[in-house]
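Each structure below is given as structure tokens.
The same chain A turns up in both complexes below, where it pairs with chain B and then with chain C.
What follows is the complex of A and B.
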């Protein structure tokens, strides 16, 4: 058995102002060279656990701490954080906050300077650290000039330069687009496999964690609910769902097939294993395509939103949109996907009149947006920002909802009736006198949506509503989008999380390099795997497995999107023979 | 990205290669002298020299124009205040019992009838305007022409506590982020349907004031995250640390420091002995 690099011995911890313990009696060991995953819903104690490893908890935060944490043989209670920092490198979720220097080389040098490493040694370590994360040649750049993925790789390089025994990463990909997330996972995996770096990573990225981790700890309400290999943890579908965690789709799919009697002794948790299992299972089960009619719903009438040959060139000469044309009709639910820089935000800013077309036209309800003010448009198009807190300014929920209505000069009775109606629609009537910021994050989003609803817009745009959210948070807000859609609103959602959307979206716009690469019903778009991968978008595993199954069977299948749909095609009996 | 370029000039010049310490001395001397001088002529000369110097070293004209544009209302106020109302001080400084009228409002004008703008008060206003302009322009000249890293090391070598030097650099690092955040919040407000274009200036100010709520909230969250990040990077604020960048004084740096020290001595002697630079003095 390899050497133990970190050990938590009956660790319990309570923050100074928290009412309950955030960690409860945790016993864990982390071995040298291991990729150790930490999973759990928001509030389970993942970040706190990570912070115990470098002594920030409890030394910096205070509070009540029981038990011991040893890293590289040092008790974190007996050694200052500055010393622990030379053994534990830390990378956090927000690329903006964790880079503190004004150049890449200074970012790497900062911790080394604090640790009194000589100038010559610092100069020797900088290129090595940058090479490890493939950021050579960026030494003099300002961190703000880097992409999201590059910023996180820089944070990793800065942690590596200290030559730590352990690299702790807390949700390092939660704020990134798929390209950035892939860059970070590839880098961390390489460090682990090729340099033998011990990794502790907390993440909601189920597919990647299942594939890369050696062991996984599942935290729930501060307790260690389960500990084991990823195949063991990620195959416990019910347990994951009970803990508001999203299982990898491949695991969900084979779990459902197993429940239908499929001969699956061990549920695969990552794609490679899944394909192998599929090869075996499809031989013993009958594949019957479901009978449901999945023809895409069509919407008639005049377009509510239309773009014709829309081009936009930014003042610095960047051509962000190259002649985009599309029409969105009343009642549609449209998903816009693409990498950062693909043109999604530029496109949406034209809908809202925050940007003017360089050429071409944008019409809302048949009227050129250039003829309308931003506030005119806001009455027709509601916009929910990625961070709803940016849209909250008032002291009570009721005032927040009434705020814009008063500004627009509606009569007091009209303001009151619209406010009451919107609050009721979002289930916030009871919270009317509460401070919006005292509500949970999901409810704060509801407050913003209620305020938007009060304007009675026809279209509601959700901009990256699932970024930085755990599975429960993401589903919560998407359920609101469904509710609005059912109310007859036209809904537009921008997200990178394709796997969350099959239950909601009907139509997909795939953006890439300022062009509309595809405009198709969701089933068609998600099955355009090569196109999606060409723009670094990863289709859900259920889609990939469906296509794999088609190849194996040599027969066309409907364009399935979810584990339920795919598992629904399998007819097996418990003997493992075709019924 | 535009905010990033606020911090440093793009042009490499004699001035950008200087150590930060002579620049600190320059900023201190110019600030003190600008405060002491009351001569409109010398203040105009110094501010003009600073504008020329800033342009030569690469500070963008658009930045200087922005500074002046933002300051114009304040300058008008200074001119009116000193021209119309600063009578006693100006009389005392010039030793005159009566001031020279530039113009007088007719007696029958409501409220302002009989008001007189004096020539001496006007000149004192000019002095005040260019004094503030010098104070404002010396900062980009010293700060924008210095790489932040060199600035920090220079400040530490000049015995400024490391914590203060770090706060200074962190401010420069996070200013772009803060401005981006302000932009996002204002955009979010407009998208809530606020008809800014139909609001009067007071209503607009009230709406903009509300930006403070999410901004402060966001800044508090970020500052706590930043503290954790700093801790994890072994930051303790201790001046006992090494530096990647070096700060070495060359002959030219010493010469510049000497020049400004001599300039300060000369300006002080000339002011107190010969009243050169004083209001109503020979120059």
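What follows is the complex of A and C.
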């Protein structure tokens, strides 16, 4: 057996102000060279577990601590954090909050200087660390010039330069677009496989964790609920769902087929395995396409939002939009997808009059936005930004919801009634006097949505609402979007998380390099796999498996989107023979 | 509630990156806030002439957030950098730095528990001693009338009195209250009391230097209360927001913080 690099022995921990223990009697060991995954819903204790490895918990936070944590032979409570930092590198979710220097090389040098590493040694380590994360040639750049994925790789390089025994990554891809997330996973995997670096990663990215981890710990309410290989953990679909975790779609699909009697001795948890299993299963089961009518719903009437030949050139000469034309009608649920820089945000800012067209026209309700003020548009269009915290600045939830209404000059009675109504609609009445930042992130998003609802807008735009949310939080927000849609609102969602949207969106706009690459019903858009991949978007695994099945069977299938729909095509008996 | 099966460990912060129980990072951040606010001129006239910095509104807040020692260090460093970067608000530069240190220290000693419950006496001695020197010089050396001194120095002696009386503990209790309105009220009056200690400590020096005449004392009678109210309002607005935010994000609290 490999050498043990970290060991947690009967670890329990309670923050100074928490009512219960956040970690409860955790016993586990991490071996040298291992890729150790930590999964669990928000509040399960993943971040706290990560922070025990470098002593930040409990040394920085205080509280009550039971048991022992040893990393590289050192007890994390008996050694200062500065010493532990030379053994444990840490990378957190938001790269923006981790970078402080004015150049890439200074960023890497910062921790080394603090650890009194000699200048010559620092100069030798900088190129090595940059090479390990494939950022050579960026030494003199300001970190702000880097993309999201590059920034996170720089944070990893800064941690690597210290030459730690263990690299801890807490949700390192949750704030990144698909390209950035792929870059980070590829880098971490390379560090693990080629340099033998021990990795501890907490993440909600089920597909990637299933593929890359050697072992996975499932935390639930602070307890170690399960520990095992990814095939063992991710194949326990019911357990994952009970813990508000999203299983990889490939695992969900074959789990459902197995429940229908499909001959699947072992549920595959990553795509390569899934394709192999599909080849075997399709031979023994009958494939019957579902009979549901999936014709896309059409919306009549005058367009609520319309763009004609919209072009936008930023002052620095960047052409962000090249003649985009589209119409969105009242009551539609539209999904806008595309990689960073595709023009999604630029497009949406024109709806809100935050940007003026260089040429072309933008109309809201048939009126040119150039004839409307930002406050006029704010009454008609609500905008929920990616990070709800950026939209919160009042001391109580009630004040936050009432703020814009007061600004728009409504009478006090109207402000009160709309505030109360909005808070009730979002289930926040009891939180009215609480500080918004004291609420969990999902609830903070609800505060922002309540503030927008209070203005009774016709259109609500959600900009990356699921970024940084766990599965439960993401579903929670999307259910709110569904609720608003059912109330007759026009809903526009921008997201990279395609797998979350089949239950909600009806129409998809695929953006790429400032143009509208596709405007189609969701089934058609999700099955345009090559086009999606050309803009660095990954279709859900259920879509890929459907297309794989079509190839294997040589027969066309409907454009299926979800594991349920795909598994619904399989007719198997319990002996594994075609009935 | 879970029963932990492991041995309970003593939790302590190792590594020394703190001053008197306040992490150095906090001290740096609050020193930077003091420096930044030093750029903003806040009043046209003051006893020593010139304008004074908006940072005066937060010296006391720094004391309540960090405690008397770390607060004095942060406030002093911030003011020291401020007098170089923003000389237009510096007045008599060394006195400004001294005032920043005394205000934060005095505020940090305003406690209602048993911890460091007697430290206020040090600040009170500074305050009472300074006021005796300041007013005594005016009355007995420069011949200023008692009426002028009482009226012109009203904001200061009332503030020092509020600091020396048990009102000091009441303000501290308000600052620690869960009710944010009470916090704002506590910061308002707490700023008045603690800054008055600092103000008389500074004035004892500047009056020795400038010896302003009775006419100026009478002018100050109308001007200084307005300045005090403004200074305390700044403290209350910034302070209530900062304290609410610090509580909401659950960041580790320095050992001797009042909030």
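Definition applied: the second predicted complex is superposed on the first by the 526 of 579 C-alpha atoms of A that agree within 3 Å, B and C clash if a C-alpha of one lies under 4 Å from a C-alpha of the other, contacts with A are read in each partner's own complex, and residues count from 1 in each chain.
Assume a residue touches a chain if its C-beta (ideal position, glycine included) is under 8 Å from a C-beta of that chain, and two chains touch if they have at least 3 such contacts.
The shown structure was predicted, so the numbers you read here are calculated from the model rather than taken from an experiment.
A.B. asks: First (chain B), second (chain C), both or neither: which does A:275 touch?
C.D. replies: In the superposition, A:275 contacts neither chain B nor chain C.
A.B. asks: On the A-aligned overlay, A:58 touches which partner chain: chain B = first, chain C = second, or both, or neither?
C.D. replies: second
A.B. asks: First (chain B), second (chain C), both or neither: which does A:437 touch?
C.D. replies: A:437 contacts both chain B and chain C.
A.B. asks: Is A:20 contacted by the first partner chain B, the second partner chain C, both or neither?
C.D. replies: So A:20 only meets chain C here.
A.B. asks: More chain A residues touched by chain B or by chain C?
C.D. replies: B
A.B. asks: Give one of first, second, both or neither to describe whether A:313 is in contact with chain B, with chain C, with both, or with none.
C.D. replies: In the superposed model, A:313 contacts neither chain B nor chain C.
A.B. asks: Just checking: does A:109 make contact with chain B only, chain C only, both, or neither of them? Give me first, second, both or neither.
C.D. replies: Only chain B is touched by A:109; chain C is not.
A.B. asks: Applying the touch criterion given at the start, work out whether A:82 contacts chain B, chain C, both or neither, answering first, second, both or neither.
C.D. replies: Touch status of A:82: both partners.
A.B. asks: List the residues of chain A that touch chain B in one complex and chain C in the other.
C.D. replies: Dual-contact residues (chain A): 60, 81-83, 437.
A.B. asks: Would you pull the chain B residues touching chain A in the complex into a rising list?
C.D. replies: Contacts found on chain B: 1, 4, 7, 148-149, 169-170, 172-173, 176-177, 181, 184-185, 187-199, 203, 207, 210-211, 213-214, 217-218, 222, 225-236, 238, 240-246.
A.B. asks: Mind pulling up the chain A residues that touch chain C in the complex?
C.D. replies: 9-12, 15-17, 20-21, 24-25, 55, 58-68, 77-83, 222, 395, 435-438
A.B. asks: Quick check: in the complex, which residue numbers of chain A touch chain B?
C.D. replies: Per the touch definition, chain A meets chain B at residues 51, 54, 56, 60, 81-83, 85-86, 88, 90, 92, 94, 96-103, 105-106, 109-119, 122-123, 142, 144-145, 158, 162, 352, 354, 373-376, 378-379, 383, 385, 387, 389-394, 403-404, 407-408, 437, 451-452, 455.
A.B. asks: For the complex, give me every residue of chain C touching chain A.
C.D. replies: Answer in residue numbers: 1-2, 4-17, 23, 180, 240-241, 244-245, 247-250, 252.
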